[in-house]
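One chain, subunit A, appears in both complexes that follow, with subunit B as partner in the first and subunit C in the second.
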Partner chain A sequence: MSRFKFPPSIRSRPVYETLAARDGKSHLIIAEAEGAEAVFDLAKNAENLMAHAHIIYIQGRSGDVYAERLASLGARQFYMGPSYSAALPRLRRVLSDAKMGLQAYLTGTEGMMGQAMLELTSAGIPHTAIQCEHRGSTARRMQCVHCKGITEDVTTDPFVCSHCGLNLFVRDHYSRRLAAFQGVCVDAEDPGNVPDQVEIYQ
Partner chain B sequence: MSVGENKIAVTVSDITKITPLVTQFRFVRTDGEALPTFSGGAHTVVEMIDGAETRLNPYSLMSDPMDQTAYMISVRRDDQGRGGSLFMHQKVAVGDEMMISLPVNLFALDLRASKHLMIAGGIGITPFLSQIHELNAIAGTFELHYASQSAELAAFADDLMRRYSGKVHVYFDDLGQKIDLAALLEGQPLGTHVYVCGPKGMIDWVRKTAHDLGWPREAIHYEEFLAPQSGKPFEVTLAASNKVIQVGEHQSLLEAMEAADVDAPYLCRGGACGQCETNVIESDGEIIHRDHWLEDDDKKSGKKIMPCVSRFVGKTLVLDR
Partner chain C sequence: MTLQFNDETFRDDYTFTNSQRAIDRFPFPFHEDSYMYSVNMEQHQGGPKGSVYENRFDVDEHYISEMKDRAQVLAEDPLRCQSLPHMNLAGWDLLELIMVSKSEDYPDLFELHRDGNNWHWINRPLGIEDKFVFLDNASLPYGPMEYITRQTQGDFAVLDQRDENLWLDAGMITTQADWSLDFDIGMNFFEWHAPVPKANEMGIFIRALKFLLNVQQGTPARRLNWTMTVNPLLDTSPENYHKWGVQKTGLTPQNVGSKQFLRVELQTFFRLPRSNGLVFPIRCYLIALEDIVTVPKWGRRLHRVLRDIPDELATYKGFIDNKPMIVDYLSKFDDGQPTSAGIWPEKDSEPELVV
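Take a look at the complex of A and B:
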């Protein structure tokens, strides 16, 4: 099951929708791992879209499970790469040539969508015009508010900062500028008094 | 409290005829102090005392926003209008003292844009003049497409072409020239914002074309001041103020409230900003909605009115003001 319903939270926390085709002469789809399933749904509901679409697919934990089906969608351009950082130079090149009217669709984990959104907004697409559909892992990209280091794929709360080693509490407070949630020291007042670690969303 | 209440006493220091229809006015502060700076696209509301009648009309500031010595506006003569522009053209002289509001901006540049694409129709050129000053100071990228009836009526076109050659494109209706809008919008690099100021038809055309081409709503900016139109006189009951007022043929509902010393909020006085939105308590008749602020549902409901431009025809209108 690639869908997850996030419980309601504070206003800062991003919320996700279901990708829907929009008017436009070119479409950029960035999908990661199980996000491929959202791309299949999008393609099914919008016949003409793929002829004008560029799919950037990041395999992530899904490997090449979806590769064949994605390649057969008939996208004008189809790229597949192992990780977000591997795909980033291509994404930047695509954005530097892009024209107004480009429609952007993101699907996959929050960490990937957040980072891709940062590239898109820096290139001049308003964040409200970018569609995001969450699929796959609920792991988070967390920033330690103390040392500012980013820890990827955080699945437990609290967790240990991979940079400074502090025990961090997982907040829903999100930064679009950093594409990360905020992690705050959980035992600052009483060092060593760390709550039991639990899976986020369990 | 009205948002537009803060006023500046100014003296007309210069009047220049720009085209057969457009006249430029220069204002300095009467007390000799520096005027506040503003931001490109801002307007000021000019108070015109014409005998017993007071009109308050908004005009875009066209001077350099950082120039604190003077403000400049340009007024297009409208022979069919309610008389505000004719008053400015015929009765205002150099040395006259007038009251204007502090600048208000409902058409600001979005400085996150990597390029500013400006589309002007006729007198809609004026807000772009201050915006171009602003962009010039920060080395911003812009391109202006300016449509006018004819070369003779294209205010400031020659000056703009000379100063910003290559960035300014003019189109004259009488020569059959027209902006190739779809091609223009399609070729714009990501990060471009489009701004349009001109007649309603032009604004609708640009907004629709950009929308259909997939431009995000946030990248489309427009400004259209609606001048209040004349209409049949009508009577209004102001419930909160406990007053019954008459709105004259050439008076707006907002002006009639002000004439009765009712402190009604306003900002643009042109149906755009939403500041004067007023609840209708009772209505037996038809509200003539002329703003482009209220949603269609609100207009149909008959529960809201924008007194700066809208009117009423019928027996009874009671407002919560």
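Take a look at the complex of A and C:
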């Protein structure tokens, strides 16, 4: 099952909805891994949308299991790439031509959606024209508040910063500007006393 | 009176001290014998002579040393001062507000001469004299917000107002109570306060925002906030928490009076005229427990407040582990006698401590 219901949290933490077709001149769909399933649902409920849609699909951990079905949706443009960073130059090129009336749909992991959201809002697309639906992994993109390095795909709390090596605990405090949650040293007051790792959502 | 400036440090050997005058004018934050969050705003239109409320921007004996500490923090981590591109005008608004206020309130320390946009600023305590063109960034050695806040005590959050919200879009944050400007910049009022426990559920931030959105030019507001810090460490940043956090474990029953500090923030709020932004100076005052208890009313009250504070708040404010030791120390300065209402020390009317 690709859907996960996040427990209630603090107000800086993003919340996600279910993608719904909106009227628009064009539709930019950025999906990652199991996000493909949200695209199928979207397509099912909106007949004309795909004729004006550009799908940017990032395979991530799903490989090409969704590839054929996505390609058959009839999108005006369909792209498939291995990772967000690989897709980024294309996304930027597409955004440079974006016109008023564009609707954006993001679906996949929080880390991908957060980065894409940042890219879209930086390009001047109002956040009200961007929908997000979480699918797939609940792994987080974490910023180490100490060294500022980003660690991708964090699934445990605490975790080790992939840059400076400190043991960090996982906060729900989220920065849209960084597209990351905040990680803070867990053993600062008692060096070496690091709690056992647990899955972030159990 | 002419101010005598201390030569002191807020790190390493911690030579920071408060003079008798600084103790007497300390902004004690508890108006009654208990504490809970509230939107405790009042007008910032002066206050008793000599108090921290008297002037728009209080300059005290710690000024020069605090500015040296800020320069050191910025040299180590320039991300503590950031301004998003649309906040430049608000930075000039802030520079004007501070220069005008300080030159009017402390004419012996600061001078501002204006001929149209050609300005001449003299800061005697720091030995700074600059001529520049108002609104011309190239005429100053730093951006306007950074330039003036390198010369003004307290942290500065500069907020943009739009969409019926306030956005933390610029700041100079080097004496913070454990929050990161680099992480929080760009957030709205609710987002950057999101980690504060209880206050959201109590509706505190909704009411505070309503108040702040309506602060008008010329009618600034203020409130006090507080936390606890071990050692007179100004830079209690999350960025350096892995370095300073361990100091919290250095308290003993013998040194708690001299090493445990009450940290009070005098928060003020000014509307900025050109940008319609809001500046939120957060001025930090530190006082050792052993100095607080020289004021009988404050010793009694601080004991009662900390003894009865909910664990959730003590955890958020970072002293839950040391709370028993702190309360035990303070209990020796609480003889159970009543305290008068309000924050002022009332040294002449409060009963002597009976132990």
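Criterion: the second predicted complex is superposed on the first by the 201 of 202 C-alpha atoms of A that agree within 3 Å, B and C clash if a C-alpha of one lies under 4 Å from a C-alpha of the other, contacts with A are read in each partner's own complex, and residues count from 1 in each chain.
Just so it is clear, a contact is a pair of C-beta atoms (placed from the backbone, for glycine too) under 8 Å apart; a residue touches a chain by one contact, two chains touch by 3 or more.
Because the structure is predicted, anything quoted here is derived from the model rather than measured.
Contacts of A:Ala46 after superposition: neither subunit B nor subunit C is touched. Look at A:Leu88: by the touch rule set out above, it reaches neither subunit B nor subunit C.
Contacts of A:Val160 after superposition: neither subunit B nor subunit C is touched. Contacts of A:Ala139 after superposition: neither subunit B nor subunit C is touched. Counting residues of subunit A touched by each partner, subunit B versus subunit C, the larger count belongs to C. Contact with neither subunit B nor subunit C is seen for A:Val194 once the two complexes are overlaid on the shared chain.
Per the touch definition, subunit A reaches subunit C in the complex via residues 10-13, 143, 145-146, 148, 166, 171-178, 182, 184-185, 188-191. Residues 22-25, 95, 98-103, 123-126, 128-129 of subunit A touch subunit B in their complex.
The touching residues of subunit B, counted against subunit A in their complex, run 112-114, 185-192, 211-219. Note for the complex: subunit C touches subunit A at residues 79, 180, 182-187, 190-195, 200, 238-246, 248-249, 321.
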